[in-house]
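In the two complexes below, chain A is the common chain; its partner is chain B in one and chain C in the other.
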Partner chain A sequence: MPAEPRSDGRIVIVGASLAGLRAAETLRDEGFRGELTLVGEEPHPPYDRPPLTKQVLLGRVRADDVGLPRRRAVEAHWKLGVRASGLDPDGKKVLLANGEHLPFDRLLIATGTRARPWPDADAARLDGVFTVRTRDDASRLAERFDAGPRRVLVIGAGFTGSEIASVCRERGIEVTVAERGPAPLVGALGGALGTFAARLQRAHGVDLRCGVTVTALKGDGGRLTGAEFSDGSRIDADVAVIALGAVRNTEWLADSGLAAGPRGVACDAGCRAFDMYGIVTDDIFVAGDVARFPHPLFEYQMLSLEHWGNAVAQAEVAAHNMISAGPHRRPHLAVPVFWSSQFGLNIKSVGVPTFSDQVVLAQGSPEEGRLVAVYGYRGRVTAAVSVNRAKWLEHYRRMIETAAPFPPGPGAADGPEPAAPVPSDVPDPKVLSHGPTVALTGHLPDRRLTLVRPGG
Partner chain B sequence: MQIVVDLNRCQGYAQCAFLAPQVFALHGEEALAYSPAVPDDQLDRVRKAATACPVQAILVGEQAGADAG
Partner chain C sequence: MSTETLFRRIADYASRADPYPLYAELREHGAVRQDDGSYLVGTYDEIAALLHDPRISSDRRRRTVPDALGPGQDDVPPAFIGLDDPEHDRLRRLAMRPFGPPHSPGRVDALRGEITRIAGELADGFADGKRIDVVDDFAYPLPVTVICRLLGVPSEDEPRFRTWSDSIVAGFDATPDEDPEQRLRSATEARRAMALYLGELAESRRGHPTGDMLSALVNDEGPEGSLNPIELMTTSVLLLIAGHETTVNLITNGVLTLLRHPDALARLRDDPALMPQAVEELLRYEPPVQMLPQRTPLADIEVSGVTIPQGAPLILVLASGNRDPLRFAEPDRFDITRPDNQHLGFGSGIHSCFGAPLARLETQIALTTLLPRLGDLRLVEDPPPYRTNQVLRGPRHLLVEAAG
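Up next, the complex of A and B:
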């Protein structure tokens, strides 16, 4: 085989977390011999985020022990602790906040997301108000949990907020969870499992308040003292964790001419970024939480996924395509998957549960704390969620990949009479406190419009 | 030495929890919790656990980016 024409030159990867790291490894694995630079805003080498809201907050793992193992050496220049501040697509340069310019032949954008802050900046600065996205955030909050707060308020009952509430209960800390939507996790899993999650939280002693917003965080002498709710009630709390979802780190691309906005950086199925006219670029690639890409299983709607597995899979495809000539490129078609552990249960998902009109309880039941819910859209299977039944998900993944008819046949059910499908009750994300971790964002790559939510 | 477990792939077979109980433990019936930083005296056990994992979900390796320059 002739030598790949694209295995030399300069590649810059902006974002030194999971996606950036796996892309760098894949580039070297597949024969890239040129100059490789990784830029990371945080001063730390790549680390794993999922343990932060679980073992780290439980106090079982130290926050500085969550570093990621490498698959291989990447022989890269690591520029850590410096933010990318701009992109010059004509001059093919990344601009760094320290004034440095990094020229590139091909660029990978893997800048991910950050925690959505509390909208009132003064209240957000109160001692006792936290977000959890980075290892430093988790370290500070774990210390505060060690000190034994009297009550923790968690604002937003998505996966992050629910996991933090679970940690509080496991540590014997009183916790109030406030969620504007009708139930926890409802933005990701729909109404039926949202009801299950609400019962689960209450059974574990969480003071769960749905259908309310936090109207104010109160402080005294710079310290958080409590919060007021939209229903007129108030609580005393010495810690508040803001879990309102994520904001995509795309501001540095505002003048780049790319299709980058609050919903991410739009790219094609091969991870190539679109410009603002919807024209695909050939030297700028995107991977991980910041990417917005079309998926054929979901009618080619643009998807944004804040998932560990997507960061890995998309980074591998992006890296392969960065050094492969056109006919050898691969599409990123992986079925979305994620997990969460909370209140002693293992929750796993395949497909996109919010891309559904109906859901059926295919196995188990909420009562036994073990179940599989299967989601369908217009008569085909589009997702499945298991609670303590992970071994079954492979079966449903195949159904999703083959667009199997919904509801699924009785072979997969453990009862003689399978349950009847019910509406999946996926709420409009704008009525929720927690941001959805999966966002279907329509069909148009260059569409920048989005609803800017006042928060709370 | 660091580890990361692909918890999408993990199905809770718990072979690792038997082979290296100081590093891996089931949290509830099925959710795996583990210590990402492996103590030196656990390294052999962790390598055995990685080999024995039926779904090959455990990655063992040096800390990424440690050779940062």
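Up next, the complex of A and C:
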């Protein structure tokens, strides 16, 4: 029987953020005429998260002004402010927290992540303790920054924590950053650029403390007053921002039989979810931060990415495949890309820097504050990171895609001579306070066991 | 015919009205060595890769194989278009401060009203029932007036710098088999004269800013300082010439292309909101900058199986890449709603067109202003007479008259 394109029926998308919205738009763009329902836990229509830790906290953009631009009308039923609580794969129904059942012919799981909370629940409830994931979080924290706190403590120096520290300094607020690893950003960029990031933060007046954990958040009368560190020191602080990384929203799938766990929902290159036995399903698809997918450029290891660009690209592939017959389906092969702006610098990455054993300075210099560092693994290029030099990354993307030899040859017009590769010093994620935004999670789709050790 | 003579045949004035068959021949052969030791590349993917390759220099002084332009005799250093990072980056950022984001995000958009007014006045000046030269009566005066206003150059001096600009542009019109000495000497002299003129003008604004870019460049001090007097001169010469010699061709090519494609014209008249897309397609289909003639590899580089040696002149034929069937479906069709139209009309990478937002805005407004009239006009000659320049290609005149 020839496979027919499936442009009718009922599609449910669980998750109404970037991936969910772009998938809905792609479905309609590519001719899906059936019934479309989007479920979102937050009450707001889809909005853009990158500005939350930048322009919104700086007070330049209001948190309710970050709605995602629409590419087209999607003619969908929007169920916002309702959490999905379960999935019945036999009956093909999504169960909602309000008791409703949503029948589907095909399902897209795009539930993303949430902020990892402070492990001590009582301390986490103190007034002044924040996480930043949603626009409501950012709005509340921006208000607190407006009020002029005496000192902010940021726990975790990944991208989110570093961006928040940058905002504090730009607003003239004293800030302490605590990171259990050896330097900021090392989880994503390795040791060499981590050292650069540490110098950068200190040059901007951040009280950066690496190699320490926060052992306790102190409160008085329900308000945060300070924190104690593992080295015995303590500080006074009236705001603490918990930036320990993300938790994947997969709990609602615990009884679904899918390969869903703390590292995400495993899927194949075509975004189809695996079940717990590693068998691919045909009507359940996954996209965005919650997905765990194999990538041929990285030895087919399963990747988990918390990247804006990946959410868009993967949503488009998933949507296409949901309504396409077998031979017309596409693989999701995009090279991972992410960016950050902090301390006046634009940092952009292509590839997977943590999939490396060496790194070399290919262009510019740290002194100049403009550079491109290229990462290699066993003699081939696997990633590149630019600081204020993003326009060059296209070149390195091509090198990654073609497995070009590492280190790259000489001849760059602004290349240092001679450039010697050094170890990339990618730490074991377990030693970090911040969660890596790129995680290589092995080869097995059905691994549901993960050791989670919260920072601190 | 031998591919070793391709550039010569492209440069031949007889090819000017339609170089596209030669570009198709170029694409069939990947990277093509010319008999003078230079190399042409005309396929989309390869051009895009080379435009992002840090081993490709834009500084002609780094050539070791002599090119058709001869050795540089110019004692004035190149502007940022002819420099590599980090110098290029520093100068371009300083020039961008008064022109675009992050420091002047609204600068170009603020010109919208004025461009619309100038375009309207020029169009109102078309005499009824008479022949119009789209170039001299519209497409040339519009961007020139705008760039003069933006930079702060008195437009009554236009005849002076038009002469200089003509000579300078003729200077990088690399025609093989011709003794370039005279042409190069007058180009150098013109560039020096224009540099002095703009330098004096900027100097006169020091301490007396008048709200224009020259005033900003001479008075504003950023965290990285400001342009020194020589850099100020080379930068303002570049901006004035680029604002002078490119958009005129884009607007003229737009009128010519729309008159040749009545279906597209009718669609635009029904739905002028399609104009931004139409201008992008125009940049793909008839780009005003046909090629980038001054790139040089700083290491031996392999392109399509051919090794281009370090120091050899490398010419990237953007207009050919724009018609590459491996990148664009039906590349020779003018399709104003073409999806995924990432053309090379403004180049790409670190040297991508500095003035692109202004060129886009001017052309969108110019063509929108002419839309109501174009349906009643016809071309007097097709093809029209072209300028000699094969790099900055466009009609010298475009005569149109009332149809019927």
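To be clear about the criterion, the second predicted complex is superposed on the first by the 445 of 456 C-alpha atoms of A that agree within 3 Å, B and C clash if a C-alpha of one lies under 4 Å from a C-alpha of the other, contacts with A are read in each partner's own complex, and residues count from 1 in each chain.
What we mean here is this: a contact is a pair of C-beta atoms (placed from the backbone, for glycine too) under 8 Å apart; a residue touches a chain by one contact, two chains touch by 3 or more.
The model shown is predicted, which means the values in this text are computed figures rather than measured ones.
**Q** For the three-chain model obtained by superposing on chain A, do chain B and chain C clash or fit?
**A** clash
**Q** Check the residue A:391 against both partner chains and state whether it touches chain B (first), chain C (second), both, or neither.
**A** Both partners.
**Q** For A:150, is the partner it touches chain B (first), chain C (second), both, or none of the two (neither)?
**A** The answer is neither, since A:150 touches no partner chain.
**Q** Please indicate which partner A:69 is in contact with in the superposed arrangement: first for chain B, second for chain C, both, or neither.
**A** First partner only.
**Q** After superposition on the shared chain, which partner residues are touched by A:328: those of chain B (first), chain C (second), both, or neither?
**A** neither
**Q** Identify the partner contact of A:46: answer first if only chain B is touched, second if only chain C is, both if each is, neither if none is.
**A** Touch partner of A:46: chain B, not chain C.
**Q** Just checking: does A:363 make contact with chain B only, chain C only, both, or neither of them? Give me first, second, both or neither.
**A** second
**Q** Pick one for A:309: touches chain B only (first), chain C only (second), both, or neither.
**A** A:309 contacts chain B only, not chain C.
**Q** In the superposed arrangement, does chain B or chain C reach more residues of chain A?
**A** B
**Q** Choose the clashing stretch of chain C with respect to chain B from the list 94-102, 148-156, 184-192 or 220-228.
**A** 94-102
**Q** Take the contacts of chain A with chain B and those with chain C, and give the residues found in both.
**A** The overlap between the chain B and chain C interfaces on chain A comprises residues 389, 391.
**Q** Along chain A, where are the residues that touch chain C in the complex?
**A** So the residues of chain A in touch with chain C come to 362-364, 368, 370, 372, 389, 391-392, 394-395, 398, 409-415.
**Q** Spell out the part of chain A that touches chain B in their complex, as residue ranges.
**A** Touching chain B: residues 16, 21, 38, 45-46, 48, 50-51, 54-55, 60-62, 65-71, 73-74, 77-78, 80, 308-309, 312, 337-339, 341, 344-346, 348, 388-391 of chain A.
**Q** If you look only at chain C, which of its residues touch chain A in the complex?
**A** 48-49, 52-57, 59, 84-86, 89, 297-299, 301, 310, 348-350, 352
**Q** Which chain B residues qualify as touching chain A in the complex?
**A** That would be residues 1-4, 6-8, 10-12, 27-31, 33-37, 59-69 of chain B.
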